[in-house]
Amino acid sequence: MKVFFLFSDFYRKTIAASFLLALCFVLASCSNGEKDGAILRIGMIEEPRTLNIWLASDANSRKVISLIYQPLYTYDPDTLDLAPWLAQSMPEYDPETISYTVQLRPAKWSDGTEVTAHDVVFTVDLIKDFQVPRYYSQWQFVKKTVAIDEKTVRFYLAEPRAIFLTRTLVNYIVPKSQWAPIAEKAKTMANPLIALMNARVEKPLGSGPYVLAQWREGAFLHLVKNDHFFGSGIEISNRKLGPHADAILFKIYGTADVGVLALKKDTIDFFWWSIQPGYIEDLEKDENTKVYLSDRSALYYMGFNVRKPPFSDPAFRRAANTVIDKNFIIERVLQGYAARMDSIVPSENLFWYEEHLPRYGQGLSRDDRIKKAHRLLSENGYTWETAPVNRSGEVVTPSRILLPDGRPMDDFTILTPPADYDPARATCGVIIQEWLKDLGIPASARPMSFGALLQRIKDRHDFDTFILGYGQLALDPDYLRSFFHSANNRPGGWNMSGYSNPEFDRLADESVQAMDPRIRQELIRKMQQVVMEDVPYIPLYNPAAIEAVGEKRFTGWEQMIDGIGNIWSICRVKSTEADM
Amino acid sequence: MPLLDVDNLTIAYHTRSGPVTAVENVSFRLERGKFLGIVGESGCGKTTIGMSLLGLLPENGFVREGRILFEGSDLLALSQKELQAFRWKKISMIFQAAMNALNPVHRVGDQIIEAIRIHNPEFSEERIQKEIKELYDLVDIPEQRIFDYPHQYSGGMKQRAVIAMALSCRPDLVIADEPTTALDVIVQDQIIRKIKDIQRQRGIAGIFISHDIGVVAEACQDIMVMYRGKIVEQGKREEVFVAPVHPYTIALLSSHLTIDGVFDFHADKPEVACDFSPDFFAGVCGYAESCSRAEAQCFTAPPKWREITPTHKALCRLCGQND
Amino acid sequence: MTITSNRHAAYSMENVIDKKTRRSYKRQRFSAGWSLFYKNMVGKIGLYLLILFGAMALASYIPPLVDPMYHPMTGVDPLISYASPPSWRHWLGTDNIGRDIFSQLLTGARVAFLVGVSAAFISIVLGTLIGMIAGYGGRIADSLLMRFADMIMVMPSLLVILLLSVLFGQLSIWIIVILIALFRWPAVARVIRSQTLTLKKRPFVDMARVAGASHIRIIFRHILPNVLPMALLYMTFRVTSAIIVEAALAFLGFGDPNTVSWGMMLQWVWKTGHMFQAPYWLLPPGICISLITLSFYMMGRAMEEVLDPRLRKIQKADYAAS
Amino acid sequence: MNLKSLLLRRSIEILVVFGIIMTGLFLLFHAAPGDPISMMVDLTMTPEDVERMVAQLGLDQPIWIQYLYYIKNFFTGNFGTSFHYGRPVIEIISERLPNTILLFTTATILAAMAGVWLGKIIAWYKGKAIDTWTTIFALVCNTLFLPWISLLFIWFFAYWVGWFPLSGMMTPEIWVNPEAGFFAKAVDVLHHMLLPLLTLFIVNTGSYLLIMRSSMLETIKEDYILTARAKGLSEKQVRNRHAAPNALLPVVTSVGLSLAFSVNGGALTETVFSWPGIGRELIFAVSNSDYPLAMASFLFIALVVLVANLIVDILYAYLDPRISY
């Protein structure tokens, strides 16, 4: 009789019950409508990987961490100069001892204890002891850090370094009370660094405007206002700081579409993610949402493996640069929301940017670009059975290009990140492949998952060409040296192209030591000329940061380079209801 | 009033190439407590007749003309609901393949109880238990096997269980459609004896459908021989077996071995009359092609009913040369 | 009489009936099957849809000839550099870089056929061979092969292919096709095996064996022709699953970037943020994927009814026991 | 065969199959281009770290010893550390797996029940318009491209009509509210689950309906159906008591066989709806080249499918007395 049971009543009851339940939920959803006006709701595309500051390298973790840990100095939103943050004032430099002295503000950790010079010393020593990746390179030239008194700290440098002010001092300071025990324990482990980086910090102790209250993995993060935040009510860089929202909820949306829908539906106040241009029109139509377009300091480029022929031939690279239509990419792939790049340094970075650089194919029509590239290649010994430009000067479909030694060029790949990671770069790969084919250069685009891609390019040097980008390029152009100095041409080094030019090396070495900005500017500009003459990287574009907020509940976002998602915004946005 | 009166029944099936007649102008009567045997080769329409009595023709079958009167009421006029109440209560059936007639996922006892309960909703639980024990007793299956599953039964037991099921509502008429086909000879014999016993005990009427003339001969008083949807000869058992008239019946009988030997119908063959009934059938004799005695007229003119005795008739226009 | 049993009869009398009658018999069988198929509403809809998609696939060669800007991958409208709604110039509008969605849609049909049919074909060949070997080969081969088939069957193919793509990097469309085929044969093998098992017991196989035919000859000459219709039937089902898996891969961003498939189009519309803004871009590829799988599925079901004699018996159903 | 020995046999079979899958994965991992070490190594590691890890994982050993390490690590729950999260993989899996099981089993059970129920009824109207149209409708549902229809559903039901949350599994506002009790939280999770459930339900019900319908059509030709009718059972009784339980058996088998395919769909649904399940985690891990997480997620998904198959086998045995008695 058991089967009878299965088939009669049970069925009807289950179906009726599930229907009732469904109804129940729909009703429940309606009653869940009330909202707490004082919670700032921020959408994120992915969950942070970790809130362990030493492991965090992804954008989402850093967003959350930036609200918890604070640096000594931060960038002024208007001038992008250093603004004292945890520090009371600008550092004092003593050229004789090559030391900087920093005075701290009266600031407290979120547990109410004072932020002291000992915390700063501890942080620096920890980074140096453990050689924490990402941080170590910025601190390694700091010989010694000394706490002069509870609120004064002095850094002794081994040699003058230009980046100390612009890069090193904006790093976060961590509390000794929380990290010292972890560090002690880690030192006893087989691999101290891994132990440190994998240590779980359930409740990170910070000095920022918010502290973590709850992290529900896979769903949300809940941060509440730090009552001990040093900035509350004071004015820095002519801005009065809050924070005004009682709490922040980070909601995870997985895909940008849903994040944007959430914004339109007013379930979040800000989507902290640079969205695709496709959304702009729609969001601008909606009266409750506002789109912020901000400049970015970013570099998207195509790189060559100059260790390998024919990519080792500058003429070949110049021809490739000539045939690539950057305007096409910017106008179509990025819908115009990007700036053209002709140097490794973004043109918005006026102080360091060099204007007088070769422009290759700029302003030419497709045919003219092909003709120019064809001329360049022919002059350098490349031949074709059917050339891309025939005798009467018309552009035709060429046969495969023959290298100067007479052999046909082998197929090669343009490695790009996969489309789900960045559709723009994946599309660029395919488009550039087609342009190169106009010259008979047998390219094929190959998206590859990001980790594997980086590993092949950076660690194994096993590639032909690639398209990559730096989303947040530091304002100080020290990266030129990292990218192209021959000393960095090693597995794991940042000179992924394998570029090597003694003249560039010399200029780069000089620039490191140049403490006079004028002299350094001169050197940096020269470095750009050298690089752009040889084009180991073809800079493509610098996209705009497109961010959207819901205007209904919070206003007062602070726009600066890289967008509105910054500490200033978080400290200053106000609930519209509070005003009433 | 006879228990069952089938009058001029014609049944056809819809097929892709139009309707095909399966049973044509069949008429017969059955009295209470009597057993009627229908004999014929497979596909001759005998099962169709059985099914039509229960209103269970396949979905593409339909009664073209004729009447089926059961205790004077017309079965074909019954509504679906009335028909459901009528089935098993009045007429039940022992199906061809007992192996498949029992639902494999239900216990045998439950399947029998189900029938009792539907038709006797007023029965108490004890009463039902009593009934089923009686039934099992009747068909000689040990009581403790009542609630076994069909796959735990042997072939003979299944057949007996099917018989028990057929008797569960004390019907007036049981149709047994090839009840013994799939069984071996010994079991066959047991089953037939059982059926005869039960008939005697309960006094029910039956229709026994088989291609096996020996089985029919053993159980039935009246015999109908069918060929291609038509009754070709019908009469009392003795008449048909001792003095078959239709060449098909003769062929059927002469090819059959009984347990006692070949049917010996030549022994004391009575005089056979040659009275043709006036009603003619449309179409020529279906058997003519295979008939060893066919004459020219068999291929051109329709066959006629010959009444040999009031109870014995045959559908054949040949006369006087039936030896 | 049913078609299947006729077929066995026809082959068993191979040497008795002369070729001509056999051919006419085959033709008759085909036309009977065809009329049955055509009467089936599901089959008819499926067939019309399929013809439509076939026409689309063929038509995909035309747009680039009309104007290079209609090239599905590389052609862009010189005047439009954003996603634009349908117009006379672009019947279904353009995507965000100004490519014509209609010509992409047509090319998608070609890719779908290519992927679907080739993956299905490979898996059918594999499945039929393995099924016949398992069915014919006897116990050890049978149980080994079928255990193996069961094992493949419990693997979620899409996820395995994803895993392979993380291990081996971006997969090209042909590798994807082969991988899909490798995960899709077991169902075919099961059916073919059971058919082979029944065929093996038929007299004509015994006759062939007595006549001295080799195993290979028996398998290919006597068993294969009889299991072929079933294999073809399964091919239609395999086509659908191949198309779905390819589309899902492309949708997730693991497709071949040099192919314009419908899944790829969905991925573009998704990742470029036009999902909920450009219905003219979002709807057509999704509808096409759904409809092409539907059409193959419907064809398959209709064929199943033609081929399966037991299902065929139920024709007109005036139920309620007349 | 009795139930116990069947269970035992199937369990052993499943263990063997799982062993083969594990081995296959191990071999794949070794056959992949590039050495296995470089795949396991995080970009932040120094050469010494790598060496230490090589020793720890036994990657400097002969392949069969490595294999033993691999098996040992599996059974001790040591799947390594996720590159992406920097946490032990087992932790992530144990967070995600219950969510998947919740969504997937609910969807499968509901869809199977509804599909079976509808298929049972529809088969009774074979040849009528309602049958034809339901069949076509079921076919359409069954062939809808899942991620696409999920997106349309999100847009329509969650955004435009606004009945459901857009995605995810919980409403943070409710979960951070200290006043919200268990019931409110449970309702919230179920509310989030409804739309993905509906999507999976619609797509899966179609296929179960079709299988049940065909199976019913086969079953009603059986003799015992005729017996049941002859017994005077009403059509509904015949259908529900006699045809359906038998027709259900092949459906149960094919549910088992199609589980793997529905897992594909489950992973896609999880991804589109941001349901924090293991399928989404796998796709995510694949995107991020998080090999340890991807491998472990896959193994667990395979395990889920195998266990589900075992449950289906038990269900089959329970429903079919020929096996259980």
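Labels A, B, C and D are assigned to the chains in the order they are written; within every chain, residues are numbered from 1.
Quick note on the criterion: a contact is a pair of C-beta atoms (placed from the backbone, for glycine too) under 8 Å apart; a residue touches a chain by one contact, two chains touch by 3 or more.
On a predicted model such as this, the values are computed, not experimentally measured, just so you know.
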Chain occupying the middle, per Cα centroid: D
Chain pair with more C-beta contacts, A-C versus C-D: C-D
Chain centre separation (chain C, chain D; CA means) in Å: 24
Whole-Å separation of chain centres (CA-atom averages), chain A against chain C: 45
Inter-centroid spacing, chain D versus chain A (mean Cα positions, whole Å): 37
Centre distance in Å when chain B and chain D are each reduced to the mean of their C-alpha atoms: 54
Where chain C touches two or more other chains, by residue: 165-166, 169, 252-254, 270, 275-276, 314-317, 319-321
Of all residues in chain D, the ones touching two or more other chains: 151, 155, 159, 229, 235, 241, 245, 271, 286-287, 289, 319
Chain A, residues touching no fewer than two other chains: 3, 255, 257, 261, 418, 420-421, 449, 452
Chain A-facing residues of chain C, complex: 73-74, 76, 81-83, 96-98, 165-166, 169-170, 252-254, 257-258, 267-268, 270-278
Touching residues (chain side chain A, partner chain D) in the complex: 2-4, 6-8, 11, 14-15, 18, 21-22, 24-26, 28-29, 32, 35-36, 39, 41, 49-50, 52, 55, 57-58, 131, 133-134, 190-191, 193-194, 197-198, 200, 213-214, 216-220, 222, 247, 249, 251-255, 257-258, 261-262, 264-265, 267, 418, 420-421, 449-452, 454-455, 458-460, 492
Partner chain D, residues of chain B touching it in the complex: 54, 56, 80-81, 84-89, 92-93, 95-97, 100-107, 114-115, 118-119, 148-149, 151-152, 162, 165
Residues of chain C that touch chain D when the two form their complex: 41-42, 45, 147, 150-151, 153-160, 162-169, 187, 240-241, 244-245, 247-248, 251-254, 266, 270, 275-276, 282, 285-286, 289-291, 293-294, 297-298, 301, 310-311, 313-317, 319-321
Chain B partner contacts - residues on chain D that touch it in the complex: 222-224, 226-235, 237, 241-242, 245-246, 249, 319-322, 325
